[in-house]
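Chain IDs A, B, C, D and E follow the sequence of writing; residue 1 opens each chain.
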Amino acid sequence: MITHYGALLLYVVVAFVVAFMVANSSERMGPKAPGGLKGTTYESGIVPEAPVKYFSVRFYRVAMFFMIFDVAVMSLYPWATSLKTLHQAGMLKALAFLVIVAVAFMYVWNRGGFQWD
Amino acid sequence: MPLNDVVGLGAVLFAIGAVGVLVRKNPLIMFMAAEMMWNAAALVFVAYARSFHAMNGQVMAFIIIGTAAAEVGIGLAIIVSVFHHRHRLDIDEVSELKG
Amino acid sequence: MIWLSVLFLVIKIVLLIAILMGGFAYTMLLERRLLGFFQLRLGPNRVGPGGMLQPVADGLKMMLKEDLMPAGADPMVYRLAPVISLFAALCVDAVIPFGAPIHLFGLTVNLDIANPSIGLLIIFAFSSIGVYGLVLGGWASQNKYSLLGGIRASAQVISYELAMGLSVMGVLMMAGTANMEGIVLYQKHHGWLWLPQIIAFLIYFITAIAETNRTPFDLPEAESELVAGYHTEYSGMRFASYVVAEYINMITVSGVAVTLFFGGWLGPWLPPIIWFFIKVAIFLFVFIWIRATLPRFRYDKLMNFGWKVLLPAALIYFLGTAAFVSGLI
Amino acid sequence: MFLVWLLAVPLLGAIAALVAPDRAAKGIAAITSVLTLLGYAGLLFISRASINWAWIPKWGIRFHLVADGLSLFLLGLSAVMFVVAVLASNKEAGRTYYFWVLVLAFSTFGLFAAVDLFVFYVFWEVLLIPVFFLLTGWSGEKGRKAAMKWLVMNLVGSFFMLVGVVALAVIHNQNGGGFTFEIAQLSHMSMASGVASWLFFAFLVAFAIKAPLWPLHGWMPETYRESESPVTAIISGVLSKAGIYGILRVMIPIFMPQFHQYQMWLLIVATIGLLYGAFMALRQTDMKMVTAYGSLSHMAMMALGIFSLTQAGLLGTTFYMVAHGLMVGGLFLVLGLLEKRTGTRSMAELAGLNRSAPRLAAYFLFFVLGTLGLPGLPGFAGEYMIIQGLIISHVVFAVIAGFVLIVAAWYMLRVFQGVMQGPVRTSGIKDLFTGQVVWLVPLAGLVILLGVWPAGITSHAVPSLYHAMHVALGKGGVR
Amino acid sequence: MSYALWPEYSVIIGIFITMFSVMAFKARSIQAYWVALTTIVASGLITVVDWGSPGFPASLYAHGLSVDAFSLVVNGLVLLAAGGALLIGWNDRRYGPDFPVLVLLAMLGMMVLGMANNFIVLFIGIELLSLPLYILAASHGPGPSGEAGLKYLLLGAFSSGILLFGLALLYGSSGTMVFTQLDPSHMIFPLAAGGLALTVVGLTFKLGIVPFHMWIPDVYEGSPTPVTSYMAFGTKVGAAAILMRFLFFGFSLDTGWWGPALGYLAVLTMVVGNLLALAQKDLKRLLAYSGIANAGYLLVGIAAHNMFGARALLFYLLPYGLAVLAAFAVIYMVAGERESLTVNDLSGLYRRSPWLAGFLAVAMLSMAGIPLTGGFVGKFYLIQAALFANQPGLAIGLVVGAMVGLAAYVRPLQRAFSAPSGEVDTQPIRWPLAGAIVLVVAVVGTIGLGVYPAPVVHIVNHSAAFYWLR
């Protein structure tokens, strides 16, 4: 038998090939007529001056909070799947963890971490 | 997969990460390289845990991942705050402190 | 036997990709027609009977368009970004069971590509890759709108991902497994989970809309602000790939919702696989219905909603479920 | 209890001086030092005062101080010199000056009384700090350099000694004797000769730097040149004796075999120092430096007395330390007064001062004669005993030492002649005030007392020395 | 129910309350400082109570934590470090309202390090200690402080990576994660040796041992002064404690594997650290190099690998920490609005504030190892340990290092005490009450340790008894 992961690997490879072929098909099949202003980026009809490289720090902030809380959430998955066999003791131990996460969440909220603008 | 191959892969990743930290100048890349070292260690832990049929190595890997996330959060914050007004990422330009 | 199972696998892979592509095509058609009806107009009905061949025409048109690339773009990343998006969308469906296992030639065949014990995690893993397609495409275009669209997309997706992750955890706890088939089987014996997990389901549904960048959360491609967001500069099939990815994602999240909360393939009288597609279709209809009904969020409201409403709500409901499951209350 | 008094009074006085206003500081310091001297006087009536408290019991460290024949007179020297130095100090020097002087007094008393090696080391190193600040705070950039040199060189020595101290205790423990730093107990143990040699030189370097003995005298010229004359008097009169005292107190009981082993080298080096100091003194034009190098030569003389490893030599050194301390201290103080009046120390610029300042000239002459070893003054008795010891061990060195005595007379009298006699070069030099005579007279009296009655010290010192030598006897002994 | 972990529990509760008070009083965060201080005091009291309570040493969580006299002493030192840092930076708006929270968090990490008996706990402790410190280092804006944080972060992540890989190899070669169950004689040799080497390198990175010290001067110079004091004291306590536990528990039977190597490193560190300190103009940099040198002294205790080494190390941490606290408190006060202070800025400090000058003198002299200060007794103990271990080289190295270092420490003192030449700042210096408390405690403690160290020696001797548990 093929293991689940072997099957998954095969599918992933096939999916990538398919996606690649689909996305690049017009490169082969479409006409080629470069020139003019086609190469410039669209900026509501104005000739763009310089490409932007920087954007608001708020996006970074979101990324950081996601990073931290997502790992907290992900680390609950194994616990959640086996919670039935862990009973109340397991619940209480995880509760300690969750309280810490919750306090951290409240702290970030209160200090304006989630404030957009 | 044979244990030795996995550990060898871990060692290679570790070496790449270490060289990356030492050679590269961009703090983001350096940071990524350092995280790679961590993940190499996590990989080796998991590999050995499987071969020992023990859980503790897996737990360690879990904790490594979690801590790495926290470290990345802090790292991004510091890197962004330092380079926000510099507009270039090069560790050699961070030289207000001599040394 | 091994060859037989490989053969089945190959058939399943081909079938799945075909279903997804076809599903995309007709979901799109369905959306256009439905939107037409909602807005008291007809929608596309010229190509084929009732417009049934419209997707084929669209596809051909897209393929024959000129493939443009902005002068300052990073060619490698620019080419790769839509591929990533589409690839991730295709991959997520690998672990969703489309029907009850069937028996063929003495072999039990699951109607999914793979059925690992951590199915749910695999779904999250692949769906997280999708956002790279958006943000890299936005960055590689060297366009201000694209960049902002890509960044917005990633910020939005990760903001809602947390609540989504927490919302499905109730199901996980009640079923006691992360295996998709196991979850369905649990519902077979203990009833569908949408009722005990009603809040979690609502949260999941909202976040699912946001994850797929659908209205009212389609800020990354908000045409009133960002022209077309991250795919402003894309044309031809590259542009189409993004659209395909979006619709396949819709199908996927519907499938996941069906599997987790509505008993997957379970249902009376009809064959399981039909039940599954009926349920998915209902979800797709709701998606379109919402698009036709609701206006777009403002960006700050969207972020606040994700972090300050959905996440705490999901956390609290999750805690309640955990307390219940563990027997604490 | 008088020992406690000796330690506590300067410390309390120091704190009092620190918190008192600037103008009261000198008064407090003077009272404190006189009180200390009175406490010391009490010590003279007790046969063998000692205190012995547990300090860090886990390491076998005891706060053990003894005033025996070796230390008693050095304590006395210190007590006297501190009174004199405080009285001779500038009134405007400020409270921290007197604070540091009194802290210095405290640590000096502790050092001279300690018989526990740890305690000895503690005081040994603590006394560097006040001197450092006394050098730093009251002179300019040059003074800072001198202070640095003083501190670094002395610390190099004392850190070597630290290793030696700990190593002795550790070896004692490994021999099964438990942890102790008591010199009397450490002297009974046996050591591998290689280790013992290393430790011997570690201690020797420390003591030689402090004395200073050639070739480790590097800090001396600058320090003497840059320091205030009371500070110079204390350094040369009291602190330099600590080096010689350390050799007597610590090394003689513990390292007797090594002394025998390296005796010839030690004698040669000390003799070179003797000659070097004398000839350097001849070349100087600065009066203070003449005295300084002369003092270097005298320190070498004391070292020779010890290295002769004879009873006479050791006894002579013990006596000569006290005598030399009083005399050279007095000489530096008189030189200080002279400098204050004339504004220079260069011999070339001064002549014929005995006309305008006869009393000053008289005291100057008195101390000069004392240092060059005039019979009847104590220097003579000390040098006599040392040379006697040298004759017993190696007569060659006795001859050289005798020769150097002549050179000493030459350079000291050259100073006196040049400065005090001859045609008057600068007029209007004031003579001594009564206030200054107040402390010069007792000092001179004390010197004369020692000169005519050296047995006052030697008879007391002999039993203690015998004790040290008795211990040493088992390890080669002294003749 | 074991009460052994109550010092740590109380800190966790304290962290929560501190966070809540930051949340409640956003604009004025003085309440958070008070809560944090109360937490530290309470934890200290519980530690003291724990000391007398029965049931020690306790081994909890499947040998993950080992609560014994050693860990309690480490607790005490860590609490002192945290309290000092908190008081020096008391209510300073520049460092933001999170300052007390982060100080407590890092403190918790250090406390965990003191108890660790397991790779997992070791790693958690190290990271719990490091992560808040990264933020603290960068907490004063993106300028030098941000750079310090960045450098600390990068090097910290790098060293943690090395440490982790070393631990992974050790785990692979031994099959256990518990220090006390490591049995070098049954390990696969090359793997175990490599793992041990990498682990020790990782830990010495944290401790700041030459040649892994290059991050320390920059980080110390750029960080806010209270944070620098915290790093110099607290981090060293934690790193030294865990290094000693790890080696003494896990590899006490095979000292040949690591003893000589650490000995050479110790000598190198002491000499190089002090030599480089000589050339420094910035006072915080000077203290950074002194911190490196002091790490070398600490390593002597470990390299001596006998019970005297353990005791001496534990003892030395206290006078070193007190001197660090006093020195940085003075720097903080004299620097005022600035964050750094050069040696020349000290000119005439004696005229401006004689007390500050005096306190600085005590701190510096203690670091230099002048008798009647705690630093001397500590060095004395270390020399004793080295000689007991029959390693005179270590003792000589320590002495040489101390000699070189003395010149470095005395230079600023000379500046402070000599009459100022030319233009100097004559503004009187403001004395914040909290900082003054730190100063007085540190200085009195330093002198007290020097004059009568017997009680502390007693405690230390008792607490290093863990060495025989193995």
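The criterion applied here is as follows: a contact is a pair of C-beta atoms (placed from the backbone, for glycine too) under 8 Å apart; a residue touches a chain by one contact, two chains touch by 3 or more.
Just so it is clear, the model here is predicted, and its values are computed rather than measured.
Peer 1: Leaving out chain E, what pieces does the complex fall into?
Peer 2: A, B, C | D
Peer 1: Going by C-alpha centres, which chain is most central here?
Peer 2: E
Peer 1: Going by the average position of its CA atoms, which chain sits the greatest distance from chain A?
Peer 2: Result for the farthest chain: D.
Peer 1: Taking CA centroids for every chain, report which one is farthest away from chain C.
Peer 2: Here the answer is chain D, farthest from chain C.
Peer 1: Between A-C and A-B, which chain pair is linked by the larger number of C-beta contacts?
Peer 2: A-C
Peer 1: Roughly how far is chain B from chain C, centre to centre by C-alpha average, rounded to an integer in Å?
Peer 2: About 32 Å separates the centre of chain B from that of chain C.
Peer 1: Give, as an integer number of Å, the spacing between the C-alpha centres of chain E and chain A.
Peer 2: Inter-chain centre distance comes to 40 Å.
Peer 1: Just curious, how far off is chain D from chain A if you go by their C-alpha centres, in Å?
Peer 2: Once rounded, the distance between the two centres reads 80 Å.
Peer 1: Distance-wise, how many Å sit between the C-alpha centres of chain B and chain D, to the nearest whole number?
Peer 2: The computed centroid separation for chain B versus chain D comes out at 64 Å.
Peer 1: At least two other chains touched by the same residue of chain B: list those residues.
Peer 2: Where chain B meets two or more other chains at a single residue, that happens at 70, 74, 77, 81, 84.
Peer 1: At least two partner chains per residue is the criterion; list those residues in chain C.
Peer 2: There are none in chain C.
Peer 1: Would you mind listing the residues of chain E that make contact with two or more other chains?
Peer 2: In chain E, no residue touches two or more other chains.
Peer 1: Which pairs of chains touch one another in this structure?
Peer 2: A-B, A-C, A-E, B-E, D-E
Peer 1: Residue numbers of chain D touching chain E in their complex, please.
Peer 2: Those residues of chain D that touch chain E are 54-59, 96, 118, 121-126, 128-129, 132-133, 136-137, 140-141, 143-144, 147-148, 151-152, 155-156, 159-160, 162-163, 166-167, 169-170, 173.
Peer 1: Chain E touches which residues of chain B in the complex?
Peer 2: Residues 7, 10, 14, 17-18, 21, 27, 30-31, 34-38, 40-42, 44-45, 47-48, 52, 54, 56-57, 59-60, 63-64, 67, 70-71, 74-75, 77-79, 81-82, 84-85, 91, 94, 96-99.
Peer 1: What does chain E use to touch chain B in their complex?
Peer 2: Touching chain B from chain E are residues 119-120, 123-124, 127, 131, 134-135, 138, 142-144, 146-151, 153-154, 157-158, 160-162, 164-165, 167-169, 171-172, 175, 177, 214, 217-218, 221-222.
Peer 1: Show me the residue ranges of chain A that touch chain E in the complex, using the header's touch definition.
Peer 2: Answer in residue numbers: 103, 106-107, 110-111.
Peer 1: Using the touch definition from the top, list the residues of chain C that touch chain A in their complex.
Peer 2: Per the touch definition, chain C meets chain A at residues 1-2, 5-6, 9, 13, 16-17, 62-72, 79, 82-84, 86-87, 90-91, 94-95, 113-116, 120-122, 141-148, 151, 154-155, 158-159, 161-162, 165-166, 169, 172-173, 176-178, 227, 232-233, 235-238, 240-241, 244, 299-300, 303-304, 307-308, 311-312, 315, 319, 322-323, 325-328.
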